[in-house]
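Chain lettering (A, B, C, D and E) follows the sequence in which the chains are written, and residue indices restart at 1 in each chain.
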Amino acid sequence: MLINCVAYHDGQKLADIPVEDISDYILRPDCFVWVALREAEPAELSVMQEEFGLHELAVEDARRGHQRPKIEEYGDSLFVVVKTVELKDDELLVGEVDIFVGNNYVLSARNNCSQGFLGVRARAEHEPHLLRQGPAFVLYALMDAVVDRYFPVVDALEGELEQIEERIFIHGSQRDNIERLYALKRKVMTLRHAVAPLLDAVGKLHGGRVPALCLDTQEYFRDVHDHLHRINGTIDAIRDTISTAIQVNLSMVAIDESEVNKRLAAWAAIFAICTAFAGVWGMNFKFMPELEWHYGYPMAVAVMVSVCCYLFYRFKRSGWL
Amino acid sequence: MLINCVAYHDGQKLADIPVEDISDYILRPDCFVWVALREAEPAELSVMQEEFGLHELAVEDARRGHQRPKIEEYGDSLFVVVKTVELKDDELLVGEVDIFVGNNYVLSARNNCSQGFLGVRARAEHEPHLLRQGPAFVLYALMDAVVDRYFPVVDALEGELEQIEERIFIHGSQRDNIERLYALKRKVMTLRHAVAPLLDAVGKLHGGRVPALCLDTQEYFRDVHDHLHRINGTIDAIRDTISTAIQVNLSMVAIDESEVNKRLAAWAAIFAICTAFAGVWGMNFKFMPELEWHYGYPMAVAVMVSVCCYLFYRFKRSGWL
Amino acid sequence: MLINCVAYHDGQKLADIPVEDISDYILRPDCFVWVALREAEPAELSVMQEEFGLHELAVEDARRGHQRPKIEEYGDSLFVVVKTVELKDDELLVGEVDIFVGNNYVLSARNNCSQGFLGVRARAEHEPHLLRQGPAFVLYALMDAVVDRYFPVVDALEGELEQIEERIFIHGSQRDNIERLYALKRKVMTLRHAVAPLLDAVGKLHGGRVPALCLDTQEYFRDVHDHLHRINGTIDAIRDTISTAIQVNLSMVAIDESEVNKRLAAWAAIFAICTAFAGVWGMNFKFMPELEWHYGYPMAVAVMVSVCCYLFYRFKRSGWL
Amino acid sequence: MLINCVAYHDGQKLADIPVEDISDYILRPDCFVWVALREAEPAELSVMQEEFGLHELAVEDARRGHQRPKIEEYGDSLFVVVKTVELKDDELLVGEVDIFVGNNYVLSARNNCSQGFLGVRARAEHEPHLLRQGPAFVLYALMDAVVDRYFPVVDALEGELEQIEERIFIHGSQRDNIERLYALKRKVMTLRHAVAPLLDAVGKLHGGRVPALCLDTQEYFRDVHDHLHRINGTIDAIRDTISTAIQVNLSMVAIDESEVNKRLAAWAAIFAICTAFAGVWGMNFKFMPELEWHYGYPMAVAVMVSVCCYLFYRFKRSGWL
Amino acid sequence: MLINCVAYHDGQKLADIPVEDISDYILRPDCFVWVALREAEPAELSVMQEEFGLHELAVEDARRGHQRPKIEEYGDSLFVVVKTVELKDDELLVGEVDIFVGNNYVLSARNNCSQGFLGVRARAEHEPHLLRQGPAFVLYALMDAVVDRYFPVVDALEGELEQIEERIFIHGSQRDNIERLYALKRKVMTLRHAVAPLLDAVGKLHGGRVPALCLDTQEYFRDVHDHLHRINGTIDAIRDTISTAIQVNLSMVAIDESEVNKRLAAWAAIFAICTAFAGVWGMNFKFMPELEWHYGYPMAVAVMVSVCCYLFYRFKRSGWL
């Protein structure tokens, strides 16, 4: 579905143009066309391929979707795939934005992502001195928008980890913790799949050999790279912490169980001794003098109670009860 | 066993040719020969070696089989080994395709793989403008076909993992889970052995120093490389998840056991207290006044029942029962 | 908040100058300006940006804060972010120092860090032969001060680890150990986030391609790099030890539990045998000759006691008690 | 101990020559000398050093033995250390072959390895067209022979792993499994110590900067490298699997124990309830009406049996028995 | 404390010279001075700094001590820090040797290491043809001596590991094993801190870009590098084995506990059944015909004994006893 198709000249919006005129506008000097698509049909992509002269393999990738984030050079133009990650009801939704960039055009096609990039366009149109830098700046603005949207997701995941950590040493919450840690791990992996390959790819847009298109905007892409680096560092820290937390959780289960076992052992011993005494005095021997005593029974109960109390005291002292 | 032996001129099929004529055809300009073998006998390979002038070491490798995926340069020609992986009845079958590529020939020899590459040839013959690019394009088409067949396998493994994950927090399924996780791990390792070395090898067919043969088809091989990258990323994610799942499974076993132990401890305590009381009133002391009471027995039972109920309530509240 | 704003000429302090004059002073040859800010307001940063002609993206980063440690080149000037780490009441406080360095200026802005850098300025002013080297030396002095403050933190963490290690094989301290190990791990991760990225960044200030600004002070930055290397090595060792200690702790829990279980098993067996004997002699059969014996009861008690003693001896010998 | 000392000319054997003549023969053009030693005495090595003009440090290494696999250049000559690994009675025997290679000589000295290299020499003498390539080819032939002997060892280790894997989910074999896994791990580490450093070293004999000696035989060394790569890949896979198997084994122990515990809990509950009932009816209260009933006893037994049966049924259904 | 201060000319000892004359001797051609210090005072270092013209930062490092092993270039001269590791009463003592090397001097300062380097000097003076190579050779000799002293330490650690491994599958030694494994791990980490950074540093003294000073002695440093490589390889293997051994130890604890539990369960079941029977016949019902039988009692005992024997046999057969 076409969202906008606008021609710009020297950083200023010229006009909304019909799709058929694209191929004319991109021939004018100092002019570039910025087209935005959403959930593009194969047919729309074919039209765009013709108008912009896109490479078959790139269009094929956009058509099939489910690419990994990457930046590929086709001659002078770039084909960029970035993943959007949104948080919705405790679930991560992953979308995809395919961006084709040439010397005088930008074509972005987003799929499965609820938020659009109209804000990006609006901001860019208000800063003609920046937009004048052309398609590379638009590419930067789009990538920056996508990457900025990772931050709240990372924050949410960090917050979730902290919530779990607060409960990690609480008795009886281990089952819950381990389920939440596992779910968190999966979310982190999802985010990592969006970030890690992009980090590698953006690294090639500044520093060493840079595509001609991005030569003048290297500092901007270094900024994006730096943001991705920060997110990636946080992701790695979360993964590391999750893995330690799972280990620690297992230890806590073992410690709790060991404490329950000790307590069980202690009580069992106390009752077993009572039962043994009662059993002895319940034997049917004819000549058991204490059975005949007048105060035999109270005495027996006293013996049992005092033995129990003594054991209770011993176990208490050694920390078993 | 020979499957086809066809000569092409400028992207068009010339004719099925007998094996003996190969050495003539490969001398003609703009002409190349594409031969496909299946479960090739040593003798057949020797004939091919003579006709195409293949390198001794490469033929030796093809004869012995069980190579790791690799791409080797012998002068101007390439020797490529790729592994096919097929899913059959919950088992992974691994086959091998050895491909010899020169300036004007392609020789592919497949072993142990049920699906052939006739479809590849058919598609190529319908796109003469692509086939015109010669043996390098054929090599791409073959590798692309092999790599495309990895995707359903990866999907099946992911599906299996998801099935296990759904049951990972269910009581009593741990034994089954661990067996399935282990089996899955082995399958993933098998697939990884096919993919990882190939990823490294294909990386050398685009970008930096590229064999002369593949100079004009770099973008195609980058595409294959990208697919392999995606598969490899998924494999790594599955491995990571399996290893976390095994850890989590161990935790779940410990948690379940700890819960069973608590419940056992609780019931044991309840019965032990009953038995202790009964033991006391079963003692044979002569003077035990309550034994003489008319309502002694119901009272005793009442005491026992109320103690049990009290304990039951306590344990219930503290989550042990 | 402005702390100082001083102009230096040939290593000697010229004068405290008002902010508005900065742009004049930095045009004089052999002269440089060193400004220090604390918890800078956006407005202050804007003034500085104008006076020094700082790059938009760098100022933006300083304004937002929470950057990862990094060293970025903007043309001839550098933008450096370092993290300060301070120990306060068993907690690690992380602050940030943003440093802008040009050919004739240094601007440092610190946030959230209790200790200032007045000492650094004082020492530098007492060594004019070093300060003569200009802004690069000031950058070194600031970074050196920050890095030197990591050492007491690392020492504190090492000390904490040693304390835990002393108690790791002590019965009954496992729960405490695991909590402390986990807390230590988090602190180590915090420190690592400050050190590791800086290590990479400083590595680019000596050796290979070095920013023109730092060419003559490479040996100083190598020294900082070396300190960071040492700290990083210690951090890695602590992490490695923590992870082993968690594993060992789990083993100790299991061993302790296993010993408690053995002891429980032994006592349970001893009492169970007594109870079984007592139960037998408590049966109501009419013809049980031993019940009639005059010394039946003492004999019975003797049998029970000797069986118990025998078992006790056996268990003692096999290490269960 | 000297095994052979033979001079070759243009790929053909000239003669067995006495050690003293070596220094003469190696001056002749197109001629090279191939000497094989076994368990060489220091004195023998000194003679060789003189005849061939070997470097002091290399001879020192050979004299001391216990080197790690490596390939060192000394001027135009190479010093190669490879480890032989043989399987004998379930044990791995590690030997060492030191090879000195110059423009016109090869000196191999093997230690602690039962199999010799006479076969290598015989095969080489039957292929004069290959042997004509000189010492580099001999070096290849020797290394290839050593590396080929790794394959049966790797196969044996894989076989052992498979045997263990078959028993990994069988009740009661965990102790045995863990011992065997540990022993296997040690063997794998031994093999890895022979393979991994050699892999790195051989990688320098083809591709990038190659010692002049090996320039024309690069493809052969790539073949050796490829074999080592395959072995190394298998070793890594075995290690990975062992480590997973140890984890899984621990899980299986925990699961088995948890099942035994459940069963124990179930039976204990059943007997405890019987005992509690019996205890109640064994009390000595005067007025316990059911004791007087004519069918009291069978009724009591019936109650006990039916409670037990009910519990048994319950436990069976919930999978505890 | 000054140990020696000797001038050498063309590999021959000239004379012991007073410290004040150093600056004269190092100006003479073909002459170099070799000074050895022990536990040097700051004042001594200052004198040396003046005489040799050492770099401020290097002297500062030597003064403070506790550096990590490293090799730093200061113009034409090198500053080398190596760690000595000595075994004393089961403890590892770590010392430090700081070596300053210039075109015509070597200054070594050792701290905290009991063994000196007089032997190195003596050996060097007996080999004037080697000593003629100047300070670089002395540096090699010193480093070689330090590295050679690592070998007995590594051997001791390996021996300790083997001792532990022999006891790893023995019942009841797990607690001891885990303590020893942990202690061993700490020692290995200590040694690793001395070896690993040195390995990296020495790697820069041969092969690629080498400091001018060491150009002619590259083969010697490659030898040292190779020794370090071997030690490092062994350290890595020990670490890997320790970590597996800790895992295996945990498994053994679990297996032992599980066996104890089974045995306990079995005996508990046997006694519980006896007690249940005795309880039944201890009930006070009026009409229990078997109680009246003349052989009721022996029969009852016979029933109990045979049930016990049957259970014993069953448990024995299923491996629980």
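Rule of thumb we're sticking to: contacts are C-beta pairs under 8 Å (C-beta built on N, C-alpha and C of every residue); 3 or more make two chains touch, one makes a residue touch a chain.
Model, not experiment: these values are computed from the prediction.
*Asks:* Just to be sure I understand: going only through chains that touch, what's the smallest number of steps from chain A to chain D?
*Replies:* So the least number of steps between the two chains is 2.
*Asks:* Hey, how far is the Cα centre of chain A from the one of chain E, in Å?
*Replies:* Computed from C-alpha means, the inter-chain centre distance equals 40 Å.
*Asks:* Whole-Å distance, chain D centre to chain E centre, using C-alpha means?
*Replies:* 25
*Asks:* Of all residues in chain E, which are in touch with two or more distinct other chains?
*Replies:* 247, 250, 254, 257, 261, 268, 272, 275, 279, 282-284, 288 - these are the residues of chain E that touch more than one other chain.
*Asks:* Can you list every chain round the ring, opening with chain A and moving on to chain C?
*Replies:* A, C, E, D, B
*Asks:* Can you check the complex and tell me which residues of chain C touch chain E?
*Replies:* 168-169, 219-220, 222-223, 226, 229-230, 233, 237, 240-241, 244-245, 247-248, 250-252, 254-255, 257-258, 261-262, 265, 268-269, 272-273, 275-276, 279-280, 282-288, 319
*Asks:* Okay, in this complex, where on chain E does chain C touch?
*Replies:* Of all residues in chain E, those touching chain C are 55, 57, 61, 67-68, 70, 72, 74, 172, 174-175, 178-179, 181-182, 185-186, 189, 193, 197, 243, 246-247, 249-250, 253-254, 256-257, 260-261, 263-264, 267-268, 271-272, 274-275, 278-279, 281-284, 288, 290-297, 300-301, 304.
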